[in-house]
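After the structure tokens below, expect a handful of questions from me.
Going by the order they are written in, the chains are A, B, C, D, E and F; count residues from 1 in each one.
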Amino acid sequence: MTTGLLVGRFQPFHKGHLEVVKELLKECDELIIGIGSAQYSHTEENPFTAAERFAMIRASLDDEKIPRSKYTIVPITDIHNNAMWVNYVCNICPKFDVLFTRNPLVTRLVKEAGIAVEEQPEFDRHIYSGTKIRKAMLEDKPWEKFVPGGAVRVIKQFGGVERLQSVVGND
Amino acid sequence: MTTGLLVGRFQPFHKGHLEVVKELLKECDELIIGIGSAQYSHTEENPFTAAERFAMIRASLDDEKIPRSKYTIVPITDIHNNAMWVNYVCNICPKFDVLFTRNPLVTRLVKEAGIAVEEQPEFDRHIYSGTKIRKAMLEDKPWEKFVPGGAVRVIKQFGGVERLQSVVGND
Amino acid sequence: MTTGLLVGRFQPFHKGHLEVVKELLKECDELIIGIGSAQYSHTEENPFTAAERFAMIRASLDDEKIPRSKYTIVPITDIHNNAMWVNYVCNICPKFDVLFTRNPLVTRLVKEAGIAVEEQPEFDRHIYSGTKIRKAMLEDKPWEKFVPGGAVRVIKQFGGVERLQSVVGND
Amino acid sequence: MTTGLLVGRFQPFHKGHLEVVKELLKECDELIIGIGSAQYSHTEENPFTAAERFAMIRASLDDEKIPRSKYTIVPITDIHNNAMWVNYVCNICPKFDVLFTRNPLVTRLVKEAGIAVEEQPEFDRHIYSGTKIRKAMLEDKPWEKFVPGGAVRVIKQFGGVERLQSVVGND
Amino acid sequence: MTTGLLVGRFQPFHKGHLEVVKELLKECDELIIGIGSAQYSHTEENPFTAAERFAMIRASLDDEKIPRSKYTIVPITDIHNNAMWVNYVCNICPKFDVLFTRNPLVTRLVKEAGIAVEEQPEFDRHIYSGTKIRKAMLEDKPWEKFVPGGAVRVIKQFGGVERLQSVVGND
Amino acid sequence: MTTGLLVGRFQPFHKGHLEVVKELLKECDELIIGIGSAQYSHTEENPFTAAERFAMIRASLDDEKIPRSKYTIVPITDIHNNAMWVNYVCNICPKFDVLFTRNPLVTRLVKEAGIAVEEQPEFDRHIYSGTKIRKAMLEDKPWEKFVPGGAVRVIKQFGGVERLQSVVGND
């Protein structure tokens, strides 16, 4: 039984994230999906609340017929203390065996804490990128093709694009 | 589709909690189980971490063959601001239709926020009580009969009783 | 021109407070009324929000025909650091010449900071006491005679007694 | 009876702000003036304390013979959580009917909270701007013409320009 | 080379603490003396600031001719999160090999973190106790015999007894 | 008896810092060395923990045969409130007579608080600069010549350069 932990901000959850989740579910019996910076929303970098991001992820994975029993979504608030972050995650999240990340800082922190870390698979990162998708949303350019259908529905339902456009310039 | 939210500290998760969860799963299509005071542990009132409480709940519900797709467990940290608590929960938790509680303060807060609240069913509260179970653990009296088998296994695995006994008097 | 600062929690604002304010307005050209523990509400000790307490004070002083130009009401959040409290108050509040208090800790802190402090006049403290009034509210005993009419109206308008009764036992 | 809320950082309070206040006092029976980011000072963006900003506003409105009974000044500390900001303001500030703002983020947050929001009138924003005034102060260029006389007196009294010049480069 | 860490609140530093320090300096090449709850002061439990406690410890050890090169005093603020406390201490304090404590909670936390912990020697704990000394100070009974001369001088210099007497009843 | 306070982030402690310490030890009987931003680490601006910075300073001063009795190293966490910073430092640090700094903001804050402040001596600031040394570390260029031997050893021991390189781009 292997449990993996994947942490991201998912602003928004996009097709690159979806592919990573699908790939990791082949390697792990269960996947914890940690929604990072959970307390933030309504900013240019973090437009969507943890609740909204949870709904995006769930709707996207449901569409893919990924059983809900295979993964758990957990909000993880920022504590603004890198040296204690791994400890914090271990106390707040369900137990995991290995953390998947491509972020060098997180890789370093997890290694320093003596916990297993593996490089998260990459899926056309130059195409699927939260920053690029938020930019497209801001410029009223097509963004839907980068985002799973379930997440698109959720974002449209709560007016995510209008939200993002209204918060720009306030970071 | 009705989603319910049940918030508790689950220190520890006991048979009363289990019965409530089973009852609510009849009323709701999905249940969010919020682990309150998630950041606290190693105190007399809150001996177990959110991660440990998550494991207790999961193991107990697995034993009952309750499909994991029916519920979602979410850690909820205390923000020490009652007037903003409902707002906080709505932003951090997946969306829910009704909050179940027997706590008068929570009932009041949820009502003041204009959100549906229903009284949580009661199961022999005089028998199944976190306070009583922690007391029994402290006095080396039998506590296992009040706690589902899955949670008992989890508590024993991480030495929960020894933990509790060591932290007494430090609150 | 003398400006005084009077800090209290005003849970609720009662006739003793009103008499103190009236007395101090004879001594000062202007009075700053600081609402302490401003972030707390919905607890047994602090049932009412800063906004509600503001409304109680305003309504009571309006009834007394005390001109609003004579006083300023300022919410003061607790910072849980006694040694820095006076410094905090000086940075957040309008400038004042003397702080009025009967609290020995506040007296000490203000003196250690080298700021003028005078003993606040007393008005039948054994009769007019926040603790006693909250107790009366809890036990459905008459409390209105201890509270100025304006504050009574405000408290009834937002259901303050029901609020207090519902939060008891959750501190 | 209409009460309006106007929130700004007022770093410093300038003639544009003054015109807005005068205009809003025609529309409202009472105006709450919220001093945002109240806990910050001694930075390039936020050089002045809440106490100092309070004094600037008061002195400027006194000069205009605006009765103090028509407005209330309230410090509002940043909570760094956009989704909860409106809730926070409603609990800490006196009750208001409508919030006036030209900030798209605040407009959005207030609308999402179901509270009335109106666009704040504009007064030569290209001329009267906190950023420009702070820049002029830094470069020892004339800034007094953009700031009401009362605020100029207050700023000179506590050495505001020297303060700003000393904190530059430390943000 | 062994470095020990001794954590206490030292409210005040008494003769029992002094004996413990002397004993541990025989076992360790260097001793880190951590002043716990460093941010608190002016309360019944924590009357003295970290700066004042630092001065008490230093004066007492100077009197004993204990070379300052043998120990380092470090203020440790409370983070109110037991599960992360050891991690926090390790990041904020100089490196240590073994933590000395008689507190069961701290013993447990340090063990769970996989760090060496040893029982701190005891010196007539029924006689030398911070609680008892503060009680004596409050009741104007002799307390000086329980406190090293250096600490007595420091406490008298800043009026520690008057401070404590003035803050009672405000916890 | 004069005690000086020198506050820096020491990311890392370099030869310019060492010269300042040596110079100030001629002027003061004792020097408090405050490690600022003590809670931060693992970022591009603040790569090293307080514990690691403590070790760098200690090792460097030991190499110079500076007696440990001449100085005290104290971690100072950021409180993100400039107006209260001096007050905070005075409560958490051992007592000092004069604060040495070349930072205009700190100079201003200390002056406003009525505490003695002197300009810290300068030692080839264009050569010895934390920013430049971190840049050299990042680009795998020689950095050791700017850092005292003791600090170099400490940095190499915990893999400081690799740490810094791994955290870049995450600020």
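Keep this in mind: a residue touches a chain if its C-beta (ideal position, glycine included) is under 8 Å from a C-beta of that chain, and two chains touch if they have at least 3 such contacts.
Fair warning: this is a prediction, and the values are worked out from it, not measured in the lab.
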| item | value |
| --- | --- |
| Subunit A to subunit C, fewest steps along touching chains | 2 |
| Both-way neighbours, i.e. chains that touch subunit E and touch subunit D | A, B, C, F |
| Matching chain pair for B-C (criterion: over half of the contact pairs shared, by residue number), options A-D, C-F or A-E | A-D |
| CA centroid of subunit E to CA centroid of subunit F, Å | 26 |
| Distance between the centres, which are taken as Cα means, of subunit D and subunit B, whole angstrom | 44 |
| Length of the line joining the C-alpha centres of subunit D and subunit F, rounded to whole Å | 37 |
| Contacts with 2+ other chains: residues of subunit C | 39, 41, 49, 83, 91 |
| Chain-level touch network, classified as line, ring, star, complete or other | other |
| Pairs of chains in contact (touch as defined earlier), listed by label | A-B, A-D, A-E, A-F, B-C, B-D, B-E, C-D, C-E, C-F, D-F, E-F |
| Residues on subunit D engaged by subunit A in the complex (per definition of touch) | 81-83, 103-105, 107-109 |
| Interfacial residue positions of subunit D with respect to subunit F in the complex | 39-43, 49, 162-163, 165-170 |
| In the complex, subunit B residues that touch subunit A | 38-39, 41, 49-51, 54-55, 58, 67-69, 72-75, 77, 90-95 |
| Interface residues, subunit A side, partner subunit E - complex | 83-84, 87-88, 91 |
